[in-house]
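Note that the chains are named A, B, C, D, E and F in the order they appear, and that numbering of residues resets to 1 at the start of each chain.
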Amino acid sequence: MKKIVTFGEVMMRLAPPGFAKFNQAHSLNVVYGGTEANVAVSLAYFGCQAVHVTRFPDHALGRAATATLRFHGVDTSRITYGPGRLGLYFLETGAVSRASQIIYDRYDSAFSLIQPGDFDWDAILAGADWFHWSGITPALSQQAADCLLEAIQTANRLGVKVSGDIYFRSNLWKYGKTPQEILPALTAGCDLVLGNQANFEELYGVKAGTFDDACHGMQALFPRIRYFTDTERESVSASHNRLTAKIFDGTTMFSSEVYDITHIIDRIGGGDAYLAGLIYGLLTTDDPQYAVEFGAAASALKHTVEGDANLVTVPEIEALVQGDKSGRLRR
Amino acid sequence: MKKIVTFGEVMMRLAPPGFAKFNQAHSLNVVYGGTEANVAVSLAYFGCQAVHVTRFPDHALGRAATATLRFHGVDTSRITYGPGRLGLYFLETGAVSRASQIIYDRYDSAFSLIQPGDFDWDAILAGADWFHWSGITPALSQQAADCLLEAIQTANRLGVKVSGDIYFRSNLWKYGKTPQEILPALTAGCDLVLGNQANFEELYGVKAGTFDDACHGMQALFPRIRYFTDTERESVSASHNRLTAKIFDGTTMFSSEVYDITHIIDRIGGGDAYLAGLIYGLLTTDDPQYAVEFGAAASALKHTVEGDANLVTVPEIEALVQGDKSGRLRR
Amino acid sequence: MKKIVTFGEVMMRLAPPGFAKFNQAHSLNVVYGGTEANVAVSLAYFGCQAVHVTRFPDHALGRAATATLRFHGVDTSRITYGPGRLGLYFLETGAVSRASQIIYDRYDSAFSLIQPGDFDWDAILAGADWFHWSGITPALSQQAADCLLEAIQTANRLGVKVSGDIYFRSNLWKYGKTPQEILPALTAGCDLVLGNQANFEELYGVKAGTFDDACHGMQALFPRIRYFTDTERESVSASHNRLTAKIFDGTTMFSSEVYDITHIIDRIGGGDAYLAGLIYGLLTTDDPQYAVEFGAAASALKHTVEGDANLVTVPEIEALVQGDKSGRLRR
Amino acid sequence: MKKIVTFGEVMMRLAPPGFAKFNQAHSLNVVYGGTEANVAVSLAYFGCQAVHVTRFPDHALGRAATATLRFHGVDTSRITYGPGRLGLYFLETGAVSRASQIIYDRYDSAFSLIQPGDFDWDAILAGADWFHWSGITPALSQQAADCLLEAIQTANRLGVKVSGDIYFRSNLWKYGKTPQEILPALTAGCDLVLGNQANFEELYGVKAGTFDDACHGMQALFPRIRYFTDTERESVSASHNRLTAKIFDGTTMFSSEVYDITHIIDRIGGGDAYLAGLIYGLLTTDDPQYAVEFGAAASALKHTVEGDANLVTVPEIEALVQGDKSGRLRR
Amino acid sequence: MKKIVTFGEVMMRLAPPGFAKFNQAHSLNVVYGGTEANVAVSLAYFGCQAVHVTRFPDHALGRAATATLRFHGVDTSRITYGPGRLGLYFLETGAVSRASQIIYDRYDSAFSLIQPGDFDWDAILAGADWFHWSGITPALSQQAADCLLEAIQTANRLGVKVSGDIYFRSNLWKYGKTPQEILPALTAGCDLVLGNQANFEELYGVKAGTFDDACHGMQALFPRIRYFTDTERESVSASHNRLTAKIFDGTTMFSSEVYDITHIIDRIGGGDAYLAGLIYGLLTTDDPQYAVEFGAAASALKHTVEGDANLVTVPEIEALVQGDKSGRLRR
Amino acid sequence: MKKIVTFGEVMMRLAPPGFAKFNQAHSLNVVYGGTEANVAVSLAYFGCQAVHVTRFPDHALGRAATATLRFHGVDTSRITYGPGRLGLYFLETGAVSRASQIIYDRYDSAFSLIQPGDFDWDAILAGADWFHWSGITPALSQQAADCLLEAIQTANRLGVKVSGDIYFRSNLWKYGKTPQEILPALTAGCDLVLGNQANFEELYGVKAGTFDDACHGMQALFPRIRYFTDTERESVSASHNRLTAKIFDGTTMFSSEVYDITHIIDRIGGGDAYLAGLIYGLLTTDDPQYAVEFGAAASALKHTVEGDANLVTVPEIEALVQGDKSGRLRR
């Protein structure tokens, strides 16, 4: 059984039922999500030991967040509790030409108040096959960035593969540092990076005409990185997207099938579902073509599952990778 | 801030949740709607002072109807209370080839019992930019028709622009007069009319081969009318409609973009949303091309909002008018 | 008024609301269904006397199942109660490329414990026009198969037309007999059979290159059968199917319109809805072309109705047969 | 099996969920009820043939009302359909010192438009043991009163026992006649009357110091009446009532146990549940003491059942009559 | 019509449905509340002009909060929008011996970031009869305390009566000042104070053996205060409380009836409902005995209304003041 | 941290919402419960390592049952999967004099098909402090009884304390053995037994006039048993129970406070909550008086928690043990 460790904030998501607008809702549906925890949940449904590391406030809702991750099979034994808020986000689900909207309310979370030394990374990463982080963590606070650096360096030392989702959200960086100051050291410890050309230019100054040239530029700066990956989403409407993914191993660009998702139920976490599938594919086959197909199919299925995280299993994804898009009733 | 006055009956709408048929429902969702009030709600979301004038029964449900309009930002200070019922309608929402169905239960409403003199139109219309009515009001009772005529004549006297949605529902006229007897005097006070060729022929005897010829015929009869407008709906199925709109200024026919609404949530009030958008466009720009585009985009968005009224704001509509139909998540 | 008798097990269906996966559900929606009872409900909505014969456990849920059939207009006066369970099935509704899933929990039902002689078929079938059964009943137990044979033989004796849905579910046969041993005697009593080429070969050894040759082969074995019918479903995705049907009268193959069901609400019971429409068409017109069109349109509409059974009426189906697929609002 | 015929209007009841006030409700729960139909439903749960006679509008909601009565086991074969509305009432459920409130919206119902001759009372009452009516029917319209008189006279002729719930609601009489003009002829045909001293004085001029003297006075006027009955409700609060009942056979006053209903779920129809229990007791034992105990226990249980009608069975009531008020879990 | 101005923070309240514990909830019911706004809502239902002054974040949820207050009839024309969060609180409703629990998440709210000068108190208070504040506002931030002082001084200057609910929540004071430093200047401007002996001692150093002696001590310090008031709650259990109130006018202690609230639905805001009733009573009668009875009855009714605010009207309260606790159904 | 191992079947519980009767429910709420697992969940909320051992069917609902136990903090690492059904039970919740009703549907469960040797009891019980079983397991099948005997003997060998809830449900024993044949060997391995006098006589032939004499008789037969315990429930009504508990240590009878549970939310699992509290008390203090008080208070709180299992924590129980029954709001 593969062991994957993920690290990052988990928020309570509050969403009006169905397609109600914020001011039409008299109740809000509750799930818990965060980009790294979404990856962990997905890998737990694939049968892996997925350990999510985070901190929650020490009250009933922090405990409920942990319980929900545990429900989904995530190993929560490394979660700690401390002062600070539970980060929240509010989601209004759109349709056709009406866009979905998110209102974030995540500042001053318990997670953002973690301190270097709070987590025993040697113990946490012992026996692990993979460590995954995203660019959200170093954006939250200097301490969170420092903790992350500890984790990456420990992973590198222990021979644990590292992936970073450096997809860039500029509006998160509020504590006085720029991503350009913080991200390079973290990126240097990665074996796999998810990002696009624009990110590579903005964050690391890599200018290139194509994704594959940009990857070459990145490899020159960060020689440890073996794989670059990204998804491409064509948004026909809020209800209908087309999705494909690609992975570059320094030599070859492997592309997945294009998925036509004609009746979207929930597109939040689609990228996280892709990464979980990709990591699973790489860990179990080391075949980038298989891995990118598995990841893209996983992501397509995620769009039919309510909530931030992908709750589908390996056989469901494999059937789709084999080409059965019919959605035929299974008895 | 523009001030618009609307006048007409508001009903309680009772609808099974989702796509349940009437006899599958153990609860009915409640909203309040009426063609003129729907226009007012929409304009309130656009930031206008939208005054709706109506009468409700003097009981808890009449008060709840007022409170709901007030929730949506409508100025309800001119609403009165009196004897009579709260009009109702029951809505079953269809899908694909199964049509939606409406059962009306609106007779003997408090609104239909209003009397000329009940409303102080000089005060109500003071400072107003626009007055809007529909052909439903004169169909309900002689008194309602008389009240409406008072209102239109006052608006004309005060220089308030008048729009009439004369789209014809023959089955409403039960009190002994025909629309052909009543509507001409009301129509004569209009600056803008929403209707189609068939309406113009049936109601006013205007025969013409094309909509634009029919408009010329109407202008001959009703010289005050400056604009004629209509929407065209292609009903691919109950779940998928195509929508466009046009406005004729006596010289030029301005047509909007065609909107492909592939996953309809609620098409009730789509025409009212159009009219609200059109009025807003004309009041703020006096540019018929912009106004028809704004109205059509507003109507397209309405089809994704549950309830009779359009709850979207100007920036959402403007983004769609600018051509972004992608429905991409906004954070 | 036509009288139709149906015979078979009815299960409680438990389904997460909307598109929730099994482990996301904190409540399960309840309906009652079974392939033969679904036919009866549909025929009751068409205005026929539809008598469903079954047995339930003698407790509050068995009584609730009866009450629900009675709600839908089915004549439940022949239902009996006895030991055994209420059969259940759990349904998770899929979307796009995620398939719906069924978990059956139907063994040891009260129905499977019926005994020959339990039902007075002469009385039940007196004055009936049609008797309908499916291949599920003889798969449940020897006693159920024996009861069914009694019923078919009585129908044949009384001149009641017999239809059998022999669509084959191999995993049901657990009591020691094979379908090849049991089905031929039952099939021999049929006037109409629903099945496909593969069924005819597997169950009766009829090998043929085409459906129409397979029907000829069947007629050689079972000379009473006048009609063979089947539906064809193209599963574009779990949310979008295309459906057509055909009926062969020994000479001519009649095919229906193809229905594009782009926003499926519930596809369970689509075949049962077809058969109910076909039976209604044959009973009222004896015109196979009309009957197959009526059945296919009925089935298309069923896909927009939540639950196992079709709750639409004759005028709704006739409008669709006449070609109005617009789903336009009816007031 | 006893056959009871009931006659009266059935309304759709629309109630906010739980204890929400009218203006807090975004959905309304739907049940169907009417004092006479409530008696019929209750008797159907007791295993009687309970035939309810009424008229509904000929639309989907009228059909749903019939289907709901049929669900509960009522024989609906005598229900007819015609022009007019479906009567409605809105119910807000109170608690402790906040009273429940009802808003009626029942005028112009299809039932109020029935005409003498519309119902074939000889056929309907053939073989019946009991006919039940209430003072609401003659209050609705002259035609309804005339139909009721036909029914009572037919029952008298056929030897069917007649009960009348003459509990007086003065605000219903709007069509020009007074109850004093209409009720005596109807009351004269009764074998059992439910009413109190105040009713007897106001409606028939019977002045008396005690209920039992009032009954004597009534018997002098209406010699056919054998039984007088009434319930007494002590309203400790909206959540807690005490209930008892009594029946007078002209000689003896029989009183029931007092029931302390400390956690009321729904008190609507408590009187109807009592009458159904009393009628059942009289029909099966002819023992007024047993009948009044059975009726009171039935009514007590009704207060724990949501909706207008009592859905409990004979064994549940008998256990309570035997004195087991413990509500102990039954497995 | 009386005009009352209230000033304070409004939070979104998120509560599991019914009695679910926090970790049993998959949705949270949404209402908006705050102690001063609760007073305003209640007064709006009494027919007063109730102006609530606050600041919300400028996003869809801030607008929804305003719309909800407007729904309830509050004059929201003085509400402003600015940076900062929407304050939240989570409520788990207990029963019997299980206590309700609140988790506050209100720091850094838009309201706490207001600045002196932000509100034009002369305009806001023009024509007002009463101004109401609570001790929560000065606890949130120095700026909020400063704004409040501006308001109180303006009210004093304009002759507007001032009430302060100084009930003390020590855990709110986080910005570096103590309540002992801040509250005296605010209290000095009051005409009516709600508080208890312990508050008077802890906050102002007034030591006294009885409430009435404590009031005398307070009057010595704050000569403007004419009335002192408080409620007394006996908590039999989370489901059953007893409630009474008293008011002291410097000479006489007036006490209300004791209310036995045996089936609590929602006790949040019970004190606010009392104050609203008391203020209404004083404003309309200037009779402390009537006012305290009206306030206590209002508070008792509040315990049967879900949400923070009291939605009952004057006639409902007057009936209870007259002594009718029966909760009898009103038709 | 104490480690407790529990062993037994877990069922899906399906219950109409609120107080709806079975035939009023259109959805059923889902929780998972079983007497031994309920003990485990409760102990997990107390902070213990609670390992539940069971077998589920290998499908999505079996996995959901495991996930739900994991959500509640139970160690599910010893749960296995195999053929057979998921046991079910249906629960209708009563009120006042209407009893709750349970319909079991648990035969042929995956758990009942376990075989001796299936569980590695040495590994499972290693380091454990306590093992708990109930009389339901040996009633299900000979194999289940054999597995249980293995477990008890292993526990005895390893010095793990053993408790057995031998409360007798005669209708479960269907496989050919009597409880009198099977239970003595299991009881002999117990250190604590929950049962009453009637059980002791019926199952083991111990006749005695009092509970304490019956315990002496039991100790003569089963010398290992140190503690006998039982709860006493006075069922005032389905909504109001009084509860107390006692424990006998061979010498002294320790009794708990009597709890008046006046507004029951869910009484299922009240006994399991008591046992969990008692075990916790004995494990942490070895003081029978404290343990019985802790258990009784835990059980009282359980009656306010929806579902089979008690979700309260140690501080909540300790507050109640200290005597605070006020249910006062905690902020």
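Descriptive notes on the structure:
One rule holds for everything that comes next: a contact is a pair of C-beta atoms (placed from the backbone, for glycine too) under 8 Å apart; a residue touches a chain by one contact, two chains touch by 3 or more.
If you want to know which protein each chain is, UniProt gives these names: A, B, C, D, E, F = PfkB family carbohydrate kinase.
Every value quoted in this text rests on a predicted model; they were computed, and no experiment measured them.
Any chain touching subunit D that also touches subunit E appears here: B, F.
Homomeric contact subunit B/subunit D is classed as same-residue, with over half of its interface positions used by both copies. The rotation that brings the Cα trace of subunit B onto that of subunit C spans 120°, given to the nearest 5. Of all chains, the one whose mean C-alpha position sits at the greatest distance from that of subunit E is C. Separating the CA-averaged centres of subunit A and subunit E is a span of 45 Å.
Measuring from the averaged C-alpha position of subunit A to that of subunit F gives a distance of 41 Å. The multi-chain contact residues of subunit E, meaning those touching 2 or more other chains, are 21, 23, 26, 67, 71, 101, 263. Counting only pairs that meet the touch rule, the chains in contact are A-B, A-C, A-E, A-F, B-C, B-D, B-E, C-D, C-F, D-E, D-F, E-F.
Residues of subunit C that touch subunit B in their complex: 71, 259, 261-265, 297, 300-301, 303-307, 311-312, 316, 320, 325-331. Those residues of subunit E that touch subunit F in the shared complex are 18-21, 23-24, 94-102, 104, 169, 171, 235-240, 263, 267-268. By the touch criterion stated above, subunit E contacts subunit A in their complex at residues 14, 17, 21-23, 25-30, 59-61, 63-64, 67, 85-86, 88, 90, 92, 101, 103, 105, 107-108. Here subunit E touches subunit B in the complex through residues 67-68, 70-73, going by the rule given at the top.
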